[in-house]
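These notes are about the structure you will find just below.
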């Protein structure tokens, strides 16, 4: 379960990725490789990593040759050791050569995010807190990167501006405060839409509680203030901390009683892991 | 000069980025912000950085409201200090709020790459060597990330599989060696297409020289072997080193006499820099 | 507020609508109307109606001629009397003639839905219950029709399969019951995603309450059973009734204590209202 | 024959329909249903109806899973009784659940139109008159709805602005009357393009006859005037009546000697028929 | 009148044309031309020609820079002498340089067709016959090339497979002859769709007359047989000759009494005319 | 090798071509041909020609019916005699009829170019010179027409503005001459990008040599001046002649010592060759 979802946007991104690399043609392959030559290849981990993006890599090759066999006994989210074979491929040599870089670029980035997230998760594994991502994802990659975050073991914040309400300072100005803003929006959005309110002070926390916010985001508060806010909220809403959370803060925050810690660096600052493809 | 080029692929990526974030609508903004409310905002650097992506950020906002004013006295490629205002914006508050995250996501990643590249450049600034990127870019972002590399001060390798020939082991197998492979492809590609050959041994270097390769890529050779290769090639072709180049190898490589050092990490492992937007 | 949201999907639908009508060219207009001839026109209500879709009609004409003036002192959601002028247009005669049918087709359908909804709303206006739509919308028109429902005065259920969980019989089978199904999905979806559970029996209602469902949908229950379910649930979740609700059931249901009544006919069986365009 | 035509526009509409419903993912199905679980389902008529849209429903499911079996012994255009099984499906449960609503939305609307048309056809079945649709179709659905009209037993007017000339008042103004307008356009359009002229008075009917119009549309004339026009035209052109035709006028019009009766309500005011899908 | 129609397909072709030429960027212009440098240019005829495609050339430049001024006192369809200035341009030098080749490629081909057609027209100018094109157009260019044919002075056959019926041998086989085929299709297509029948023998001409065909196409008949067919048909249908018509046959055919002569070479074998652009 | 490359742009062009011809449906075929009727057909050469475009024709039919068999024992680039069967087809009759014209239109144009090029090649076959195309291709067809040129036996110039630098007068103006212009651009483009410089005088040839241009294009020089330029350049760069080259100049130019002759007429003024399809 939680299989990879091929949304229309993901299909378009794969098409765009192949188009930007192939352009008017892979001239090296086109002029040197006989069209019917077959080959085998394997994708190998060059470091310890958490794999993510197998279905995307498969789709890249199968767009170039629908008959490529892409065989793996590994699943997204699994820990892989340096040197392990992740995938075996059999198919037309021209498709393997032309698709190699694009497929690896997808897998290296998505596995890089999953690996990065797994590292954060190990720091908080004994705490009843949920680590969540943000909307600080690579433009064009939202669904893919949020999937990689889940594969790393963390959870997702909202997908975009459309599936939950998040009221910040700038939204409130013209409404006369948190209370009226929450009331207005609750009367308009679906009964299935949750409302989160950002609070920068304890007074705003009080307002958000009174307004009946489903989630209260504590924005850039220090640890002591966070603890006070948690006590005030007292389970009447979920409590999220956000803003400049570093690895070293993580355990103290996790122990503070908050429900959720959101970290932009899960996605925006993960480095690619090293995977390579060997053709026989 | 070297102004940002809005290719069709870049326009499609910007559209996709806004669509994945806005989806069926920015419900918070839509239900709370009066349609004609105007506001001002500024984008501020939260660390020292090299800026890149201004034109993309401008395009994001102007897709939401063509009348947004996006004023800057900074240019892509410029060093910016922590705390500096990079851009001032005036426009409809709803457009500023809805576009904020997408615009910043573009700028943070592109400026992150430019900043990363600038760091590498400082290490080799006194050497007559060219630092170049690779095709290890984020799928969908090729043109953007290669632009950010130039803004950081490095140069581009080929854009994709279409604008230069790069012959590797797997291309050669069926041709009877480097010589016949180069001869075959030279007879078929445009007279304006350069041919680069990857060599893993000094014997392959000899073959590549004899074949008249325009560029010879030394693949994963150690420093001593690189120096020997450089002497053999002796200006008859450009010499590129590639493969697992780390910051700490860089200066020794730069002094080895090679013409080009290609580094995948310029793009695939840059972290986003910190930029934030303040709305008044 | 609640201004019309031009999502990317709406832009594509408008383009598709013009393309399917114009095809290889409006031959009557093209061969008879001088390209620079200007004209005025008005869109007039031919029956009492609630208007919706003004921004879409404006966009249709302005795609054909960006300089068309589209002037109205009416707003979406407003009650309009038979004979009233809804819009005045000034622009190139060729654009007015070519765009007329497509613009009216959009407005007639959207205003038809808004008018239909308003009729339902009048029946329940004194009850503290929310009338909501369903996913039974015209394919391609989801965002537009859900907007027209709001303009008629009712509210929206979820936008699609992505912004809320709705667990039905067929989802539960392999999970071991409502409790485990809700637990499993709550551990995986965002903390901002609400979970609704469909219940066909009072036993299922008990299970849904125990599982902590945010909303419980009573599926095809009779009025007496609905009242029992409401008492059992007792504000621990929102209560929705659904399934074959007719206008004549509406008031009894509204008085039964449920929070939400969902009616597919709001969108799937609204007839178009009569609007016509007169060119001077 | 008259098999369903999958135009490019229809393919795009199906894609758009699935994309608007699935968005960033069917979260309920994705997190609860094992990816390889198979199931059977049937689509059942919940009222007497004329079926239309089978090929579209099949396409919806097969986009989600190309291996879905979609078995039917019914054809578009056939009368179906309440309670009949229309289609049996075998395939991946996740595809059946995710595609259900979109497939039904297409079939309910198209079958609704076919059923509506069949009702009109019964009123005039003994008259040598052709009932035809108009361009008052749902934007984006032109080809589909015109197909449903044929499945109901009526015929099509022109498909759009491109495949026939229809000269109305506003086209004539600058040409100096019906005669010059017809002459001008006949000299310019293909010899395969028919020319229809709208006439609101008997004088205009005379002009249209004299101009050699292929079809004369009598616009909003009363029955007596229609009979006079038919006598005047006397087979020199086809005669169409149009404008606010209600079911109750239909038989008198059909007996008046006109060749064609066009009715916008065939498409713009059909309600969806009731079909449901049962998963085993 | 008969202004150029920008269909959606034409817009897509212009986009595709610029994208295939610019790809990842016009590197010469981008690296050498200052972004704000302005310039003037003119497009000049290098031979006598009939101009066509002005609006397309304008659109090419204005996609690159909406502020480009494109000034002409010439209209499509006009005879231009060698050496004449056709257009003057003022705008950003980079836009002029990048757009030059694409704009000229469009104009040279469309003007080439118009010029070619004008040559044919001169041969038959005193005959009451209509010269028409075919569907032998450059794929992707149907609307554009049919427009150029009109600019050259000839007329259009059907636009595609959708706007008229043309029954050939292979359509008839399973129907039992021309009569039943025409009857079947007349009962199904719109009353606004004309029916043309291809006849290879005089017996088939008789059948087509009896079936009430609107147009009869005489396929590859010799001149004597054509004259006989014309006498048989005797104004009961339009008569078209088709198939391998050369310039030298044209006058005899034009005098044979047929209504229409269709010539594929109008579009498929026109050569480009010579136009060049001079930048100051 | 040199198999046909299906770039994304080619796929889009094929889709566009079918869409422009089929539009809202092939009404003749749709209403007369039983959906399951099968047939055989053959594509036959009606004149001597060089075939090109087989893969595109195959793709056209297989888009309409993936099961169409397209059997050929001929390869692109092969000389075919008048009367030869080029392809045999087996498949659904409706797909054969609907696809016929589009498939032939592609093959007739591409084979026309290959045949045209072959004629030029015969004129220079004993000379060590390369005949190359230009960017004067049909907009939308760049990759296809450049492929047809190779099939005819000539070679390609650059694909577009992106894969090589070509510096002309207008690029140089603001740079201070050829030397500075080449230096500036060499510092900015990839080491894999060649630089060609256009020279109209022998002084400019000297400048281009001194600047280290990879290729020097002699623009509209007479034969004597070309010979002088060749002697000056003396293998230090490749020498291309360009501009108004006619068939009759070709042999003298080929003997002049230049490396490359570029001829726009290879693509822009080829006529379609005659191919026809016979259905059994």
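Think of it as A, B, C, D, E and F in the order they're written, each chain with its own count starting at 1.
In the analysis below, a residue touches a chain if its C-beta (ideal position, glycine included) is under 8 Å from a C-beta of that chain, and two chains touch if they have at least 3 such contacts.
All values reported here derive from a predicted model rather than from experimental measurement.
Enquirer: Can you list every chain that touches chain A and also touches chain C?
Expert: In this structure, the chains that contact chain C and also chain A are B, D, E, F.
Enquirer: With contacts defined as at the top, give the pair, A-E or A-F, that has more of them.
Expert: Between the two chain pairs, A-F has more contacting C-beta pairs.
Enquirer: Examine where the copies chain B and chain C touch and state whether the two sides share over half of their residue numbers (same) or under half (different).
Expert: Different-residue interface.
Enquirer: Just the number, please: Cα centre separation of chain B and chain E in whole Å.
Expert: 45
Enquirer: As a quick test, compute the distance in whole Å between the mean CA positions of chain C and chain D.
Expert: Comparing mean C-alpha positions, chain D is 23 Å from chain C.
Enquirer: Identify all positions of chain F at which a residue touches two or more other chains, and write them in rising order.
Expert: Answer for chain F, listing residues that touch two or more other chains: 2, 9, 19-20, 22-26, 31-34, 142-143, 159-160, 162-163, 188-189, 193.
Enquirer: Using the touch definition from the top, list the residues of chain C that touch chain F in their complex.
Expert: 20, 23-24
Enquirer: Name, in rising order, each residue of chain D that touches chain E in their complex.
Expert: Interface residues on the chain D side: 2, 130, 132, 150, 155-159, 162-164, 188-194, 196, 214-215, 238, 240, 259-260.
Enquirer: Residue numbers of chain C touching chain E in their complex, please.
Expert: For this pair, the touching residues of chain C are 15, 18-19, 22-26, 30-35.
Enquirer: Please name which positions on chain A make contact with chain B in the complex.
Expert: Within the complex, chain A contacts chain B at residues 9, 12-14, 16-17, 19-29, 31-34, 37, 39, 93, 97-98, 101-102, 104-106, 108-109, 112, 135-143, 159-163, 165-167, 170-172, 174-175, 181, 184-185, 188-189, 193, 265, 268-269, 271-272, 279.
Enquirer: Could you please specify the touching residues of chain F with respect to chain A in the complex?
Expert: Those in contact with chain A are residues 1-3, 5, 7-9, 142-143, 159-160, 163.
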